[in-house]
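Notes follow the structure.
All chains are identified by letter, namely A, B and C, in their written order; residue positions are counted from 1 within each chain.
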Amino acid sequence: MKNFFISCLRSAGQVFFQNSAWSGILLIAGIFWGSHQAGSTAPAWGALLALAVSTLTGRILHLPEDDGRQGLWGFNGILVGCAFPTFLDNSVWMWLALILCAALSTWVRTGLNNVMRTWRINSLTFPFVLTVWLFLLAAHSMHSLPSDSLPVPGEPAAFASAFDAGFMPLLRAWLCGISQVFLIDSPITGLIFIVALAVSSPRAAIWGAVGSAVALCMAILLRASASDITHGLYGFSPVLTAIALGAVFHRPSFGAAIWALLGCITTVFVQAAFDTALAPVGIPSLTAPFCIVTWLFLLPLVKFASDKAPDHSDWHRHGGRQGRHDRKER
Amino acid sequence: MKNFFISCLRSAGQVFFQNSAWSGILLIAGIFWGSHQAGSTAPAWGALLALAVSTLTGRILHLPEDDGRQGLWGFNGILVGCAFPTFLDNSVWMWLALILCAALSTWVRTGLNNVMRTWRINSLTFPFVLTVWLFLLAAHSMHSLPSDSLPVPGEPAAFASAFDAGFMPLLRAWLCGISQVFLIDSPITGLIFIVALAVSSPRAAIWGAVGSAVALCMAILLRASASDITHGLYGFSPVLTAIALGAVFHRPSFGAAIWALLGCITTVFVQAAFDTALAPVGIPSLTAPFCIVTWLFLLPLVKFASDKAPDHSDWHRHGGRQGRHDRKER
Amino acid sequence: MKNFFISCLRSAGQVFFQNSAWSGILLIAGIFWGSHQAGSTAPAWGALLALAVSTLTGRILHLPEDDGRQGLWGFNGILVGCAFPTFLDNSVWMWLALILCAALSTWVRTGLNNVMRTWRINSLTFPFVLTVWLFLLAAHSMHSLPSDSLPVPGEPAAFASAFDAGFMPLLRAWLCGISQVFLIDSPITGLIFIVALAVSSPRAAIWGAVGSAVALCMAILLRASASDITHGLYGFSPVLTAIALGAVFHRPSFGAAIWALLGCITTVFVQAAFDTALAPVGIPSLTAPFCIVTWLFLLPLVKFASDKAPDHSDWHRHGGRQGRHDRKER
């Protein structure tokens, strides 16, 4: 039972690649704070429920225990749990669909990892993206899953107005870029998330903060939609790309730092690309831009100064405390 | 010559994973009945033509003989042959395109199986889906291929009215869910198909019937489009998922039965998702929801009670009468 | 330094699978002529800049030297360089994005080749297609990258009028089908390109010319959009498919010739399909139809009369002068 709780908490941390229950507690606290501020704690309760469901699913299907211990069964699930109440109206069907989708995300991860291990990469948060996309698309066709918070399918929005770059709006957008990783729109939550990262890995915290700042600059310079910038929607994918490339899959070096910055900048373009590409079907990009850019930067297996032989199929190979548990997944 | 005919008949059966010429005869009879009732036997003649073309293609290209004997060259082709006259107007160009597409489906299957064997899964009916999608999309841009029966590209349809669940409408929708596997909208054909399945595998027949019933319940409860439900359009993909997971790729066990039901329910959501996702480009989902869900449920290589070591690249491994011919393709 | 120039020139030739600096010089001359005629040499300068950037990127990242020598670092880059000024307005941001995208195309190619080598195929020009798609989609969401030359996202265009098939329009459309490989709309450039091909491989030149002619006939017979036909937009992908299947990946034989013609005809349908499929998001198909059809025809590893054991992961295996350098890429 205690193992189960620790596994769930670590799952929250693994969204940011951190195998740490303390990070997880802080992240969940941040989710509660942010969703409370926004007027409904449903996303936070959804996160807890989905965390439990997806972690239990791993146990029931006898997926490799090591993954469970490191919180790898539930990190897609917690994102599923945040996403459903954010985009779908509160109803019995929404909660039942959330449970199915959270369970699904666990074995879809095992399946996609089986596929991607062929090229020594990891499915990252794509199981979350894929399964939630399918359910949100379905909600547009199913009257029992009202989707008033989803974008209306149609042509991409025209340019409205430029971002008004004062100090407070910039600070807000920068912190929300971090809080939006868990679909929370709150600067305070962004601060809590930076602390949660620093508890486990100061390097990851710095790269996360840098990633959000770089993305913010790029989005303003390229004059993306002001409202998207304000709510941090140009930040959360670059934040994850920056942490992945800067603090997880490569050891620190000058080359790796440039690589991470390039990845971060590329993610801003890919975020804008998904905003256009998904407009006709009325779904959000979720963390797809992060996944795609990180794959494009990991697949060539470029090796920097102090890197070991490149293998990006499991981030625990990269010297974390749990490094000894690696590569036992089927 | 006799071999050629048996190979063609088995191909019809293989759409439902049945290596049986008797099933094939009954299925083709059902197609003729249903298309005759609907006012045009063009889909039935298209099915026969495409069956011949795709099976010949396998022979001409010297693809592995074992596949041909088991009817694996033509099962995508027969679906191509049903789909073209259903969605495109009768014209010389339609029939020439049908011939090209049927031939294409044979070697696209070989190619996709070469890809998917890497992860021990099979391309299922996806060669049919991919090639027909390409030609139907093309029909929207080519004036010699009039496409009045295709959906008009545009925004997803709004919710019109709820399904009126009397006994006869339910019975009709349940049986049409089965007949629509071959794009036929006829309850009698649905009955013939159940018999065709029972001739070769009672277990498959039961799972097909259960799959259509479960999908019908889910689509009504989730309030999908009433007209789609009436015509069985929420049924045919879950029927195939139920047969694949319940009667083909796993041996009977309690766990495998739950797994098949979960797959069946998930397919209903994915069907609704594709209805939204394909609206802007004006093409039908075909059996894509079945393929995607079945892959997502097979890729993790979950093993139930009495299963052998999981390998889902070829359903003839799974103890059919032709089990000894397996894995000789390429 | 001399090596660097030769590498760049060969890169231009490699767009047509030719490892020849002389071809490259003629192709670049054709690009300058065509873009000068069209009123702006920006695409030609873009091509040169992108060629330098992508080739330098290969060197900086220490990608395999053999690839660089054969011009395989830069052939996606030169296409990126032609595409950006063609579809995006002249601005500082366009040029900076061009540089990032050209660099990206080099390592995306390495990554995609790592993936596709699993099934003995090559990524062809898909790194160009993928990276440019992402940036063009992004341009619709970013006000600093005005995209007045891009299609407006919306429903596929209705049929306007039939192609008027006189001798001069036919000649123009045939030659533009070849010049459009580098996104140039000029019959003279088409002629220069045929010469450029003949300098290195007369067989490739003949297949290129035949491919454009076959595509032209098919597009007229199937009554595709007249303006697309006039500007050669139905030609450039079939031209590349014809060269790939007819003159690169198979040795000459009757079977291989039929195979190449089938591929060429299929590409016309797939081009029409992409015109429909991409309309809602407002981007051009680029050479995606060529890539997809060529993969579908190479993946089954069909072997004709005089072919060696099929391996399509690198066209230099196929007896070119550089054949001895093959398969050293990681």
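By our rule, a residue touches a chain if its C-beta (ideal position, glycine included) is under 8 Å from a C-beta of that chain, and two chains touch if they have at least 3 such contacts.
Source: prediction; values computed, not measured.
At the interface between chain A and chain B, under half of the residue numbers involved are used by both copies, so each side presents largely different positions.
Between chain A and chain C the CA-based rotation angle works out to 120°, given as a multiple of 5.
Per-chain Cα centroids separate chain A from chain B by 35 Å.
In chain A, the residues that reach two or more other chains under the touch definition are 118, 280. Within the complex, the chain A residues that touch chain B are 61, 63, 93, 97, 100, 103-104, 107-108, 110-112, 114-115, 118, 133-145, 153-154, 280-282, 330. Against chain B, the residues of chain C that register as touching in their complex are 118-119, 155-156, 159, 162, 221-225, 262, 265-266, 269-277, 279-280, 295-302.
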